Every structure is written in structure tokens, then in C-alpha cells.
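Quick notes on the structure that follows.
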Amino acid sequence: MCRFVLYLGPRTRLSSLIVDPHHSLIRQSVHSREREEPLNGDGFGIGWYEQSLTEEPAVFRSITPAWNNRNLQNLARVVASGCVLAHVRAATQSSGVNEANCHPFRWRRYLCMHNGDIGDFRAVRRRLLASVCDEAFSNVYGSTDSEHFFALYIDSWLALADEDPALRMARALSLAIERALALVRDAGGGSPSYMNVAIADGEHAVVSRFTDDPDSAPESLYYFSGSLYPELPDPRGTHHAVTVSSERLTSDPGWTEVPPGQIIVLRRDLAPHFVPVIAPARADRTRAASTAV
Amino acid sequence: MCRFVLYLGPRTRLSSLIVDPHHSLIRQSVHSREREEPLNGDGFGIGWYEQSLTEEPAVFRSITPAWNNRNLQNLARVVASGCVLAHVRAATQSSGVNEANCHPFRWRRYLCMHNGDIGDFRAVRRRLLASVCDEAFSNVYGSTDSEHFFALYIDSWLALADEDPALRMARALSLAIERALALVRDAGGGSPSYMNVAIADGEHAVVSRFTDDPDSAPESLYYFSGSLYPELPDPRGTHHAVTVSSERLTSDPGWTEVPPGQIIVLRRDLAPHFVPVIAPARADRTRAASTAV
Amino acid sequence: MCRFVLYLGPRTRLSSLIVDPHHSLIRQSVHSREREEPLNGDGFGIGWYEQSLTEEPAVFRSITPAWNNRNLQNLARVVASGCVLAHVRAATQSSGVNEANCHPFRWRRYLCMHNGDIGDFRAVRRRLLASVCDEAFSNVYGSTDSEHFFALYIDSWLALADEDPALRMARALSLAIERALALVRDAGGGSPSYMNVAIADGEHAVVSRFTDDPDSAPESLYYFSGSLYPELPDPRGTHHAVTVSSERLTSDPGWTEVPPGQIIVLRRDLAPHFVPVIAPARADRTRAASTAV
Amino acid sequence: MCRFVLYLGPRTRLSSLIVDPHHSLIRQSVHSREREEPLNGDGFGIGWYEQSLTEEPAVFRSITPAWNNRNLQNLARVVASGCVLAHVRAATQSSGVNEANCHPFRWRRYLCMHNGDIGDFRAVRRRLLASVCDEAFSNVYGSTDSEHFFALYIDSWLALADEDPALRMARALSLAIERALALVRDAGGGSPSYMNVAIADGEHAVVSRFTDDPDSAPESLYYFSGSLYPELPDPRGTHHAVTVSSERLTSDPGWTEVPPGQIIVLRRDLAPHFVPVIAPARADRTRAASTAV
């Protein structure tokens, strides 16, 4: 389990998400509030887009904790971006602490990060890898369930027809979650999965809040429309900001829960909207989950 | 502030101190109980003696947290020693997280580790360095108050006449603490110091429990005489084990508090005894501290 | 490509292999002589056995270069063992520098390290993983061809009947190399493989020197029977030492080349002997390789 | 000894200095040409200014080699700046490989990096520290001669009257070098010093090329006026670029040697000019130094 924050909007300094807020992501690395275990100290990662230079995002990852990493503090102070992903990790036992296992993961111009886990992952891993195309397979460098899930997403995205980019991302995320659940059903021992997943391409982002655990709500997830901090001048004239975060960064009453079972869909300069993770035909599973909430 | 454990006795596996006990040092790196802030995640270090090969101890230090470091888990399982020091760090702001700042520190065949801090260290640092001999000065590689204190200890030890090794270590530790307090009094702003300090040479060890804070007890410190775990065959025929630890490693009722203001003195195969940190002539300060407890 | 050294014999200090010799492994990390590119600076790893405590070996790995790593220098000085493996890495582009990719790799009480590469590994990886049993598959944590090859070895070893341990290891190594070559033939683009591989269990070891490149000799590999350095007293009464190394550690004339296409087989206290990598039925490939040499 | 590059001009991507040129700084970390030992693999650091956000520069440092660090490659691709410093380190024995010892060092809005060493530094260190003001003293966190030299610079800069910023930097650098030489003369054993030092504040920069070794030229240093690579649009309308580098980054004939004994002085948008390290009036000092050797 982990904590993360995603931002899409006018250029903002990374520190406005990671360092400055009262309950910033760095604060959450030490004292997260909405997990049983407050600590997320097994490395961290940040990704951001600088589209004036390149479509491919930058990623900075480290196996030391976020709370006392000087490089992170330096970067957060000096780097600004209109699309930012940041993640603090609490490693599960099946995967070691090394940079390849730190989020966000990258493929082409996409970044992915995950808070949760795939049920019975060790039993599922082989079938998962066998089920994806070569390109998705080749993007796996480490041993986390999260990076393997990203391969499922890549495979799903590649299989979908070209269309509205944000919807394609949302559909691919939904499909990948369904595929992960099916793999757990077939090869695993019936453990539930927790699938809060964020994916972005610099102009759009999708973030799911989902579990199939009938006895538990999904991991916490909130969003905030508007600026948390004074914005920087943005050459692209972007005006609308949205922040999605595992925990509320501030005490501002504007923070709203992402509804369980939903994907929040962000497009630059548009208001967020929601699509369900699971299509109506599989409503039986969804209902179970919703009831529990 | 930090947590540490020191062991002198028959050869024992490092894991018997660091990993295996219910409240092992690794456990204390995540959930220490007797500090306000439970986290000690800013690196760690272990030192141990293998006197069949060399008098100079080994030191293994890392800036990643102890709880998820595979190298530490491997070493702890495979290395056994008759004198072990281990430390998990909670960095204070004035000194960065890098290996030079991880305890234990080494000089000749001595190791030193510290739980606490020197009051107003930044204001005191220059005078402290100016007050020690070249050899003590040259042993400072980083920026912690702890390593600077070790320079004070080295200088004090060198100034003392040759005598019983354990008593010389105890006297040097006591003298170094007095010198540190005097420096804070002269150059600092009157902040209290917390001086739980452990020093060993492989055959003897001294550990102080001390603060001059009139409003607070010193940091917690316990000792246990006897074996916590089945012992390994020891070619030297050592029989008596003593463990000194910031927190009780087990629920065994044999753990005893080290009295405030005292140094516990260990000699291989002898029962521990105690000497006061501050000589009677300065009893006024000691009394204030004791009363608070 | 990389450099490595393996030792089986009376207890010796790690430094006698890694630090002390004129052309020690640390020296080879900066200035190897028998590779075009002298540098092996992309991390390192050591593994050793302490069978008085546990059959499972210790592994210490790091992503920083061997030549300036203080922890390595400390361990090398203080740790002694009767079976040691040490490796300095030169990373190829397809796999990042992280601890999971540092050799030696471990499974049960076995350690494995590799100098060379599997031809067209990226094209081969999927089929390789699909061809091994679950237990071998689950032991892969990183992205190197070397660790994937170890999975082939594990699968091959598990498939062989119980017999003389050293011969079983040699047969499994031979079989795994054959399987790797077959995978490259089927799924790769015909690139040659370089398979200098060392595997040990604490009491036995096998090291192959092999390539199927018709235009090139295999990577260099030497062995030395007897003691390079004064031995330490060994409670098991072991007398015979053998060192196998990518490059000669000393100028002693006793160093002998391991013949191309052969596996050197070591058993505690016995003289080494050799078995060919490829069984006679596949002599056509072997001949091509031998001729080239 | 080390290698470095400094850039002042229109915004350029960091990769245009560190990654892209034929003989880029990353290339120099493996195969520098103008040092006896080609390797500079003991960590690296980059510093850059983003003055639209803050006057204080960012610093990113790491103890792993530059040639295979993914974070560096990512940052270099996505970060652009009008003032960049980058350094690859070859550690001398007296100072360990840790982040506090990686260049560039920062004080206020200044960055400093060094290629060379202070003669007999261990003998000189105490007097050097004793000779500087508290603020300069407090900026020393590690154990390198380079960071200690920066303290001398800070002290010298603070002692000078306010004036033209670039000249004040040049005079402080010159004065600091003279003070370092005097300290070596008084407390050291007569070893020569090598003082290629670069200091910048985002708008100005000074780089010295100096040694007092009568038997050797100073370390290599070159500059290039104009753009090595297509420039990025610069909101400040800067037009003139200057690159100063330990080795020529490209085969372009425009690279010119910085004359020995000189400081190259850079101001944004102006041509570089030179001032001598040692003022003529102080020629006696130079002679004295030579005589002493």
C-alpha cells in the first residue's frame, strides 16, 4: 500500500504538492492518516511533463524515504509543471526495495502509479505476463504487482481503437482492472485486489478508486478542483487545476471523495467527470463492493 | 534521537539482536515505543568484532531504513560475534542523511554510537573542534553532533593515563560529557543535551544514560544480564552475556533500567557495574536531573 | 560483461580475493585486462557461506562501484569463509543498475553469477520464462539475462534425478546452457551467447567457460589450485583450496586457463576436474567453437 | 581530480552538455582524455538555475557513477536552464564517497565545483577552518578539500566591499586561492595545489585554471563562445552562450584553452574576459611558492 498525488492544471511548483501543504505527500510518507500503518518509507518517485521540451515525461525515483531526501527537496523547489505525479511507497514483502520497483512507471509518454495490490499476485504473475503482448511484456523491469498491472493496461490500451484520448485511457484502465480480477479468480486464491491506479499522458489523466473486497471500502481517494496555491504564469493559458490525492493535502473543505468503483477522468482545462470501473454487465461484483461501502 | 543496542558476551548471531526479538532493533526502527516520534528511518549501522581475524571492528552502514534492507537481513543471519553494536537513526535537521553520518563511528579499535543530541550544536561545533587534538579532529568526516562528540571522547581518552581499560573508557566518556556540557554552557544558548552514548573495544563497553535537562528524564536505556537466545559455541569460553538497549527487546522481566546519570560498565565475563557520569563536585546539576526523574 | 572470482577451500578472509592481490577483483573493477572495456563499475556483489550457522549463504550487493565502497572493504577485512563468490558488474543497456540486478543471485542454498550474455536476450526472455517451472519463475526479481539464466538452471536442476551433488550441478549447468542456446536459435536473431557461469552450494561449485560465437574465444577464465595466501585455521580440517577467476589475481605461474567449452567441477578437498558443456551428440557446434579458439 | 562543465547563456537542455556531445561529461566520467586516470566514477552532481521560480539554484547529487544513472538521464532530457554546472568526481583517498562530498556545493545563491586538490589537505584542514567566519564554517558538511576551499571563498567574498558582482566573485576566488596556498605553505608539507574552481550565481560565473606546481601545467580547461546546440527560446532574450569545460565537448575548432594562471569571467550576454589568479603586485608570493617547492 502507498500514497500518491496527481495534478493537472496550470504550471505549479512540485513543492506545492509534495512539500508545502500541511498534509503534503512528504508528510504522508511519515504519517499518513487513512491507512492502518502510517509509514510509506520504502522509496518514492515523481514524474512530470515539460512539454515545451519533449512529450516524454521525466521520472525521478529513489529507494530512500521521501521525508529526508535532499535531491527531492531541491527538485520540488525548482521544477514546475502542468502535469505531475508523485508517489511514496510502502513495499509489500513480495517485492524488494529497488529503483525498478518505485513508481511511477513509464511507457512512451504515459506514467502509471498504484496504491493497493493485486490479490495473490505471486500466483497470478505468470499468467498475467503470458496474457500481454510483447511490447507490454518488455516494459516490465521489476517485480511489483503494480508494474505488472501497468503491462495489462498497456496491452489493453493498444487493443482499443483510436478515439478520444481520455476515454481510451479510462476504458483501458477499466479493462485492465477487469482482466486483473479475472486472473486472480482463475489463478489466485480468492484474495481481494485494491486498485487505486493513476495514469497520465501530460494532457489527460485517469485515476481509479476500486476494490473487489466485499468487506472493505477501497483505499481512500480525494480530488480538489481549483488552485491550492498561487499559480505560476502558464504559456499555454491553462486555467483549470485538478488535484487527485490519496489523502486531503489541506484542510480546505473543497476536497471531495472519489466515489468507490469510479474512475475520475481529467482533461486539461475541463471539469473532471466519472466513469464506473466495471461495466453494468458485471454489476453483481460492483454491487457487492458498493454495499460494503 | 535514535535507538541502539549493544551486546557483549558469547558469540551470538546479529539477528538475535536486530531481527528475531519481538521488539528487535528493526522493529524499533519503525515503531519505537519510548520516543514521542516512533520512527527511526534515516539510515542505520552495525559494528562487530571478529577478533580471531583482526582487532579492528567491521562497520556496515546504509542510508536506507533498516526495516527493509536485504543486505542487513543477510548479514544479521550469517554473522556472529561476541561484541556487537547496532543503531537506527532519526536524523535531526542539522545533519543530512549520508553514510558518514550513520553510527557507529570508528577510531582505532573503538566504536561509538549515540542516542540524543548536544544542545545548540551548531553554535558549539567550532569550539568543540578547536578544543581537541589533531588525531581526534582528523577522525571527523561528517556533520553530526554524535561524531563530533566522539572526537571529544577520543581526545579525553588520549589524555588519560593508562590503566584498567574499562575504567579508562568510563572516565573518558564521563569527561567528554562534562566537556560537551561546558561547551554548550559557554557557546550555546542553554539548550539541554541528551547523552546516551555507547563505546566498545570488543572486550569492554561503556554506555551512559544522561541528560542535563532539568525538566526531563534521560532517554530510555535498559540492560539484560544473561542470554536472550541460545548461545553459539564460543572458542574463548565466554559465558556471561549482557545486552544494553534503548528499549527492551523482549517481554522478559529480567530487563532493568540503567539508572539516570550513570554509566554501565561491561567487561567480558564479569557482571556489569555502574559509575556516575558527573563527579560529586558537580552534584548540583546531577541532583536537578535526578529530581526530575 | 563482468568479472568474477569463486573460491572453495579452507576458510580465507574475503580480502584475500577481493582486495589484497595485485590484480584483485576490486582492481579488476577499474582496470580489467582481458576485456576490451576495462571498467566494471555498475555495482557488485559478494556471497559467502558460514555453515556453522546456516546452510543458506549471505549475499551483500550494492549499486555503487566496488573500488570505493567502504562497507565492502570492511566486510572483506573481517569476514572469512570456506566458499566465496564475488562479482563486479558492467551493465548492458537492457538492464538497469539496481540491487536486484547485481550478482550473485540466490536460490535455496545455491548462488549463481555470470560473466557474459545471452544473445538477443530481449527477444528470448518471454519464451525462456514460459519454459521454466513455477519455482524457477518465482525466483526472478530483476531484468538481467543472468538471473533469467539462473531460472533455466534451477528448472534443469530440479528435473534431474538425485545423484552426486557436484555432477548434478554440472549436468544442470550444461543442460541450462543448451536450453539457452536453443531459445536463442528459435526466438532470437542468431547472436552468439557468452556463458561463463559459476554456481556453488558451499561444498561444491561448477564454473563454465563457453561461447557459441564461431568468431571468438569465450571470455577469459583461470583457476589456481592451492593457497594464494596463508590460510586460516579451519575447524573442518579442509586442506585443499581452489580459486577460479575471470583474470589471474596474481603473477604466480600456477594459474591455468580453464579450457574453452568446459565446466570446472570443484568438490571440497578434492582436485578439480572437467566436464564438457555440450554433450558429444551436439559436437558440431562445439567443434566450430573450439576451432575458432 | 575530476571533470566539470559550466554553461552561461540562453536556456539550454542539460543533455546538451551532459549527454549529447561526442565527448560529453558523461563520456568523460568513463573515458576522460586529459587525465592520467580516465575514470571519474565516484559520484556526480549537477546544479542549475530556474530564476523564474527562485534565485536559489537546484542541486542534484548522487554517489553512483554518472554513466548509468537513470535519474540523471531523465533530468538532463527534461530540464533546461540558462546557467548550469555539472561535475563528475574521482575521489581522493582522504574523503569518502557520499552525497555531502559530491560537487557542486551551495551557499546562498552560489554554486561551487572544483577539479584538483589542496596540497597536504589533511594537515591544512584545521587551520583552514579556524581561519574562516562562522557563516563560512557552518556551510561545511563533508570532508573534501573542495568544500573546505569553498568556505575560504565564502569568507573572502564576505570580506570584500560590494561592487560589480562578477569582479567581486573573481577577486574572492583569487584571494581564496592565495589563502589556500599560504595555508599549505604554513601547515602543510609543501605539496602543490591544483585549483580549477568554478563559481556561479546564475547571472555571472568565474572559473580559475591554476596550479603552483612548478613541474606541471594546471589541469586542462577550455571555453567555447557561442552555441554548441540549437538554443531554446529564452524569455529573457539572452543571446550569448559560453561553455567552460575540463575537456572539449566536441571537435569544433572553436574551443580555446583558458590560459594557465587565469580566471575566466563570464557575465550574461557579454563576451568573457580574463583576470590573473595572482595579482602582479603579489608576484613575490608566486616566486616564494615556487621556491618553497
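As written, the chains take the letters A, B, C and D, and residue 1 is the first residue of each chain.
Just so it is clear, contacts are C-beta pairs under 8 Å (C-beta built on N, C-alpha and C of every residue); 3 or more make two chains touch, one makes a residue touch a chain.
Quick caveat, the model's predicted, so the values are computed rather than measured.
A.B. asks: What is the set of chains touching both chain C and chain D?
C.D. replies: Chains that touch both chain C and chain D, as defined above, are A, B.
A.B. asks: By how many degrees does chain A turn when fitted onto chain B using C-alpha atoms, rounded in steps of 5?
C.D. replies: 180
A.B. asks: What pair in A-C, C-D or A-B shares over half of its contact pairs, by residue number, with B-D?
C.D. replies: A-C
A.B. asks: Using mean CA coordinates as chain centres, what's the gap between chain A and chain B in Å?
C.D. replies: Each chain reduced to its C-alpha mean, chain A and chain B end up 42 Å apart.
A.B. asks: With chain centres defined as C-alpha means, what is the inter-centre distance between chain B and chain C in Å?
C.D. replies: 41
A.B. asks: For chain B, jot down the residues that touch at least 2 other chains.
C.D. replies: 70, 96, 99
A.B. asks: Touch graph of the chains shown: is it line, ring, star, complete or other?
C.D. replies: Shape of the chain contacts: complete, all pairs touching.
A.B. asks: Quick one: in the complex, what on chain D touches chain A?
C.D. replies: The touching residues are 13, 48, 50, 52-54, 56-62, 70-71, 74-75, 77-80, 99, 232.
A.B. asks: Show me the residue ranges of chain B that touch chain A in the complex, using the header's touch definition.
C.D. replies: Touching chain A from chain B are residues 30, 39, 41-42, 63-65, 67-70, 91, 96-97.
A.B. asks: Taking the complex as given, what residues does chain C use to touch chain A?
C.D. replies: 95-96, 98-101, 122, 125-126, 129-130, 134, 137-138, 140-143
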